[in-house]
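One structure coming up, written as structure tokens, with questions to follow.
Chain lettering (A, B, C and D) follows the sequence in which the chains are written, and residue indices restart at 1 in each chain.
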Amino acid sequence: MTETIQLGGAKETGFFPRLRTIIGRRTEGRGVILLLVILAVLAFTQPLVFTALPVTIGRIALIGIVALGLTAVILMGELDLSVASTLAASGVVVAIIPDLRIAIPAALLMGIVVGIINAFFIAIVGIASFIASLGMLFALSGLAFVLSNEVPVSIANQDAGLAFGQPLFGPVTPRILLFFLVFIAIQLFVTKVKAGREFFAVGGNRQAAYDSGIPVKRRIFTGFIISGFVSALAGVIYTLELTVATPTAGSTVLLASFAAAIIGGNYLKGGRGSIIGTLIGASSLGVLQVALFLSGVQVPVQNTLIGAILLIAVITDPSSLRAISARVRATLPDRTKVEAQ
Amino acid sequence: MAAVVEAKNITKAFGGVKAVDDVSVSVEAGEILAVVGENGAGKSTLMRILAGIETQDSGQVIVSGEVIPKSDAKASIDAGISLVHQELSLVPEMTVAENILLGSAPTTVGITRTRQMKQIAQAALEEIGVSVDLDERISKLSVALRQFVEIARAVARKPKVLILDEPTASLTPAETDYLLSMLQRLADRGMSIVYISHRIPEVFRLCDTVTILRDGKQISVLDVAKTTPQQVIDQMVGRELKKDLESKRSSSPGHVVLKAVGIRAEGVNDISLEVRAGEIIGLGGLVGAGRTELVRAIIGADPRKLGKVTLTVNGKTKVISSFESAVKAGVGYVPEERRTDGLALTMTVAENITLPNRKELSASGFQLARKIRTFADDLSKRVGLRPPEIDREAGQYSGGNQQKIVIAKWLGRRPALIVLDEPTRGVDVGAKAEIHRLVKELADNGTAVLVVSSDLPELLELADTIHVVRDGTITGTLSQEEADEKRVMSLAAGEQVENA
Amino acid sequence: MDKKTTLTQQMAVAQEPEKAIVERKTGALSWVAQNGIFIFLAVLILVASFAVNGFASLENLTSILNRAAPIGIVAVGMTYVVISGNYLDLSVVAQVATAGVIFLAVGNEYGLFVAALAAFAASLVYGIVNGVAVGYFKANAVIVTLATTYIGLGLLRFFSGGSIFFGNPDGPMEQFGQAKLGPIPASTFVLLAITIVLSILLTRTNFGFLVKSFGVNEKATRLAGVNTDRVIVGAFLVTAFAATLAGFVFAAYSNTAVSTMSQGFDFRALAAIIIGGTSVFGGRGSVLRTLLGVMFVSVLNNILVLVGISFGYQQLALGIIILLAVTLDVLSRKLGEK
Amino acid sequence: MPSLTPPSGGTQRERKRGKMRKSRLILAPAAMLAASALILSGCAAEETTETTESAETESSSDDTTTEEAPAETFEVYALFPQGNDQAYGSTLIEPLQANGAELGINFTLSNSGYDATKQLAECEIAVAAQPDGIMLWPAVGSAVRPCLVAADNAGIPVWVINTDVGPADAPLTYGYSGPDTYGQGVASAELMCEAVDGEEVGIIQVNGAAGNGTAIDRDNGFTDHVEANCPNVTILAEQNADWTPAGAKQVAADMISAEGIENIGGIYAADDSMVDGAVQALEDLGEDASDYFITGIGNTKLGNPLVKEGKMYGTVFQSSVWEGENAPEYMHRVLTGEIAKGDRVTAYMPSVKVTAENADDPEVAPEW
């Protein structure tokens, strides 16, 4: 009787095999390729993107922050369509409360509450996240208009807002700092913290998660609270930087956030993806937008280009390619001459 | 000696049908208890209740004198009950180490202690004697390895009782052998084991006690040392099992209908085979040997890398390149996963039966409602659907009836070739006999039949010729006269297997 | 969905030795959820007739119908994508606007027939690109149609320069926009006609059956020898054709078209579909129900405007109604299962 | 053919631009034929007249600069909330670029789609690119301070167009040229009051897109003036529409139902396109729009014919060409140091009222 059994899959040794193994485990491939292509093109055509790096990073922060929170939800195979409305509504909350020391916590709290309401409908009532958050999308956008009385609201403390837009040190503005803090926090949360790691289990095999005693409902709450909180934080940042809250804020946020997450290799059905991927996706979009702006490309053309990239990103998903190659193979003539008698 | 885990008077009903009916089991430290029964006897449900995944309607689960709260997986795990699932419950995109400690990773203020996690995972793997890269993702592992990772997970929880639900279904004999000796080692160290299987030889090799379930009821609890396999089997089935020689058909195969040459696909390595009209070809072998992959590649349900398949009907030979072309040429396919691949459960029986026959039942795209009804009605009666109510949702029928619906939908096409993958898995005895009758009837009427089955008696009963598949190749072909369980198993395993 | 119960129940049922057929109990709540949309619509209309000034008048009826027609035609078409289990088609926004602009810009120059050809050619492109990406490439419908929205609106704005296009006075578009039978505008008949046609297509034809079947179980449908990819392309084509028709109706309504005209049609149409009771998981739903959902949303919207409620509250109300409608549906199904 | 503003180089440019515009437009609108009439100055608000005059005098003083070949070229980032994707933007950008080219200004255009945050981000990039100047058309008038501060810190002059910044932010800019949005609302109210002529009249009001700055300013201008100067006009109901005729038609029809057609004497819509929709709503009820007091803003290609047909009493001309032509002129004067920081020049586009009397004048030929 043998004492151990060898079933294959042993650890690879040697530098290159190990490197290959490590790369093979990542999900960000397409995002990296896109980013590299964009950067390579820009190195020749728009070097300004690099010389104005802080601004470019600021732009990435703007696109990316909501996407980071959204990724937490996507990892669990859920969707949150209410992020942009949360942003708008919390932004208005910041502006209508005169004292920022109350206003900011109130706005952030609101984000948390939105997350809880979303999660309640999804985990407790049992509505698909797609619909629950669609309802919240309308409700919160309405709330933003109601609270603001349908007009832009200036914050009382204009100076605080202006100061907020200034670099803290070097080129780092609070927005960039907060963006990286959020990135690091969520990244650590989903890679190091047990509850966060379990997001992958909830998204990858929900039944297994239940069976292993993972409190799936609580994880769903956590995910939507993260998404709501980050969206509200973005709302706070937007309002402070602008010194004004507009009920229409974030009109482009929802779609851009999804685009960033998808380009970064996050699988919408859950279980596969990474926060780093979203960062890469947001970087690709951000750099691209800065470059297109600097080139003075018309917005309709920009949008067409971004749409095309998104379409390419989604149809070059490995599972898409597998599906289509299987189809192509099925229609090709059989290659059996060797085997045929 | 006191029982470590005790389940008292467990009852659980689904929609009025008692899946588990007043069952009590207990296991002592170091004891290996077998729970046996046919498919659908209630074994898995009972174990899921033990593990806190399913909520019992009544009854208690008691671990070391403490009653475990109902339907609380975490509490059950904490109390020392660990379940190795029948269907693999691993997270494909997480690593081996993470899966082993899924839901129970060691943390400091919520942060996973990766190194400790790996140590525990490593220790668990060492305990069961398996070596695998801890950082590898599950999606990259072989089925057998996943099974062992699953066991490692259960072991890592330091359970008082380890429950294994059909752990050997996807293992080769060598692996099975290894698994059984490993479990023996664990039991020797005082761990209690509940072993669910319907492979009687394994039970007799490994277990101390055997509990027999039939139709949710507990039939008996026997001391393995004082019983015989035949006794256990008789109690499982509830009747004397003997080879039904009368049912043998006299086959007179016609022309070659299916010709598959040099099939290579994922898990299939250069297989050629032929099926003639009126002939039933059986594909035997272990789960994971490549049989399902083979038939799916043949009929184009999955892509094949290489190979040519032709179907000859009425003297015309057509090349099969995709599943659509296969169906068009006259292939019917009863897939392994009935509930996910075979049926649309929330659609009616009529809708399911007519799904592949829509073109024939329509005029310029419009459905012919009356024709559809008579068509579905005739077929549901022909396959013996009970009750034959074609407006009911397919999901409301039992497993056996559902399988009849799947078969009915292909019968309607009068297929030249029908491929059946595990046609009676999870089907009760009565329906099983009816399905066998249907298959034979089909062959008698000149249909070529290709059947995949892990159920050896079934294979022996149905097939005129059995091809045994192992590791993606055919390792042997047995005619009906030559075939017996022993020969098939030894070819499937690639070695001599002693008969228990 | 309460994943826990359903998943475990499903798994358990799979192993369950059923001898008898499980009867599904259906309670009052379930009945309400099944037919709630009728009741709510009736109650809404009844209450408004008494309580809201100006609601119960022929003119207002016309107004409601005018409001319902374009979004209704879109929603009725999009029901196909939803029933096929693909969530929604975001690109209807671009499709409606593209069609509207083409009908007026091309129609003024070359006549309505050429314009219709051009508009339906455009919808063919939309339907095929969306359908091929979702069907053949197995890409997520939300992202695919998001991408085609970007592309479509980008191209439309680039070529139209964002101008408001207006039809020749007394041209065919204006004539259609003005045409009425009694108080009922012609667009209502278009809505009814397409609802009937698409309802028949869904319930009486093979294609419709396959769309539904795909929505219930993609694999089983494929393993019945159906070219499911083509079915998906078909579903997106139906949506695209309907959106083009909506573009025509909407452009004719005011005899104008501009690239922003259909803003919000995507989620509003989906809201109507959901309120009508079509499941976003696919497989369950009907075109007629969508029509009711559209009427409900239009009547509600009309009432809110009549009583002078501002835009913000209108949005808020729509959101809450979506949540309520779906909660009721889910709860009734849960009770029904027990 | 004098344009509304008389920079002397204008005529030549006008023709060239006219040709370009024609080639761009796909549609054949109801053709506008010129007739001779003078601009009716009417009873324009005092401050508006003043600023208009000052704009005229100042712009005529830079004749010399414009006629010479540009001595140096300037890079200017134009941060707009719309562009070639909207009619006004399209017809503004053409003269802007044409005139800019003559003056040696190279514009890099951006379009934030009325997203204030996106515009701020674009402003940051623009500031980082260190251009000679920034031309800002605020997405939200009150939400530009951070951008202005950033530009100020970087020493980049900012010229504001279309939507002026608030008084607190004004010192950070070199000036403003464009419509007096609030004043437009006022002018439209003046037309309304004039049309109603003391009668007791209830009207319905169609505002622009909810939350949009222009919509809010026009609403305020109109409402304030009506309240203060003609209390005989009662606003019965108001709703937002999305600037489109179809949207306006829908809400107008609903408001008419709610208030009862017999109680309604007039309609004000914040934009001529929406007037078109509201007029259609009336006509759908079999009413003759000329029986109602209707005013709008824009004098657009949809609105001007309505005035001529008598369906709309009057509208207020917003000339995209005026704005597009003048913006580079002022920008150039800023860049050449002619307008110094602190001068804060405000050049309002004349809020020319267009009624049946002058609707055919070439000066008020609709542009977009």
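The rule is short, and it goes like this: contacts are C-beta pairs under 8 Å (C-beta built on N, C-alpha and C of every residue); 3 or more make two chains touch, one makes a residue touch a chain.
What you are looking at is a predicted structure, and each value in this text was computed from that prediction instead of being measured.
*Asks:* Chains shared as neighbours by chain A and chain D?
*Replies:* Joint contacts, listed by label: C.
*Asks:* In this assembly, which chains make contact with chain B and also with chain C?
*Replies:* Common contact partners of chain B and chain C, which must touch each of the two, are A.
*Asks:* Nearest whole angstrom, what separates the Cα centre of chain A from the Cα centre of chain C?
*Replies:* 28
*Asks:* Could you grab the centroid distance between chain A and chain B? Build each centroid from C-alpha atoms only and quote it in angstrom.
*Replies:* 40
*Asks:* How many angstrom lie between the CA centroids of chain C and chain D, rounded to a whole number?
*Replies:* Going by mean C-alpha positions, chain C sits 37 Å from chain D.
*Asks:* Which whole number of Å gives the spacing of the CA centres of chain B and chain D?
*Replies:* Roughly 74 Å, centre to centre.
*Asks:* Residue numbers in chain A touching 2 or more other chains?
*Replies:* Counting only residues that touch two or more other chains, chain A contributes 145, 150, 207, 210, 247, 298-300, 327.
*Asks:* On chain D, where are the residues touching two or more other chains?
*Replies:* 84-85, 210, 240
*Asks:* Any chance you could list the residues of chain B touching two or more other chains?
*Replies:* 53, in rising order.
*Asks:* For this entry, which pairs of chains touch?
*Replies:* Pairwise, the chains that meet the contact rule are A-B, A-C, A-D, B-C, C-D.
*Asks:* Considering only the defined contacts, which chain D positions touch chain C in the complex?
*Replies:* Listed in rising order, the residues of chain D that touch chain C are 24-30, 82, 84-87, 89-90, 210, 237-240, 242-251, 253-261, 273, 276-277, 280, 284-285, 300-302, 368.
*Asks:* Residues of chain C touching chain D in their complex?
*Replies:* Contacts found on chain C: 52-55, 57, 59-60, 62-63, 66-67, 104-105, 108-109, 157-158, 160-166, 169, 178, 250, 253-256, 258-261, 263, 302, 305-308, 310-312.
*Asks:* Residues of chain B touching chain C in their complex?
*Replies:* Interface residues on the chain B side: 14-17, 19, 39-42, 44-45, 48, 53-54, 87, 215-216, 301, 323-324, 326-328, 333, 335, 339-347, 351-352, 355-356, 358-359, 362, 365-367, 369, 387, 392, 396-399, 409, 426, 428.
*Asks:* Which residues of chain D touch chain A in their complex?
*Replies:* It comes out as residues 83-85, 107-111, 113-118, 120-122, 124-125, 127-129, 140-143, 145-146, 149-150, 168, 210-213, 216, 240.
*Asks:* Please name which positions on chain A make contact with chain C in the complex.
*Replies:* Per the stated touch rule, the residues are 79, 121, 125-128, 130-132, 134-147, 150, 206-207, 210, 216-217, 247, 255, 258-259, 262, 268, 298-308, 310-311, 314-315, 317, 319-320, 323-324, 327.
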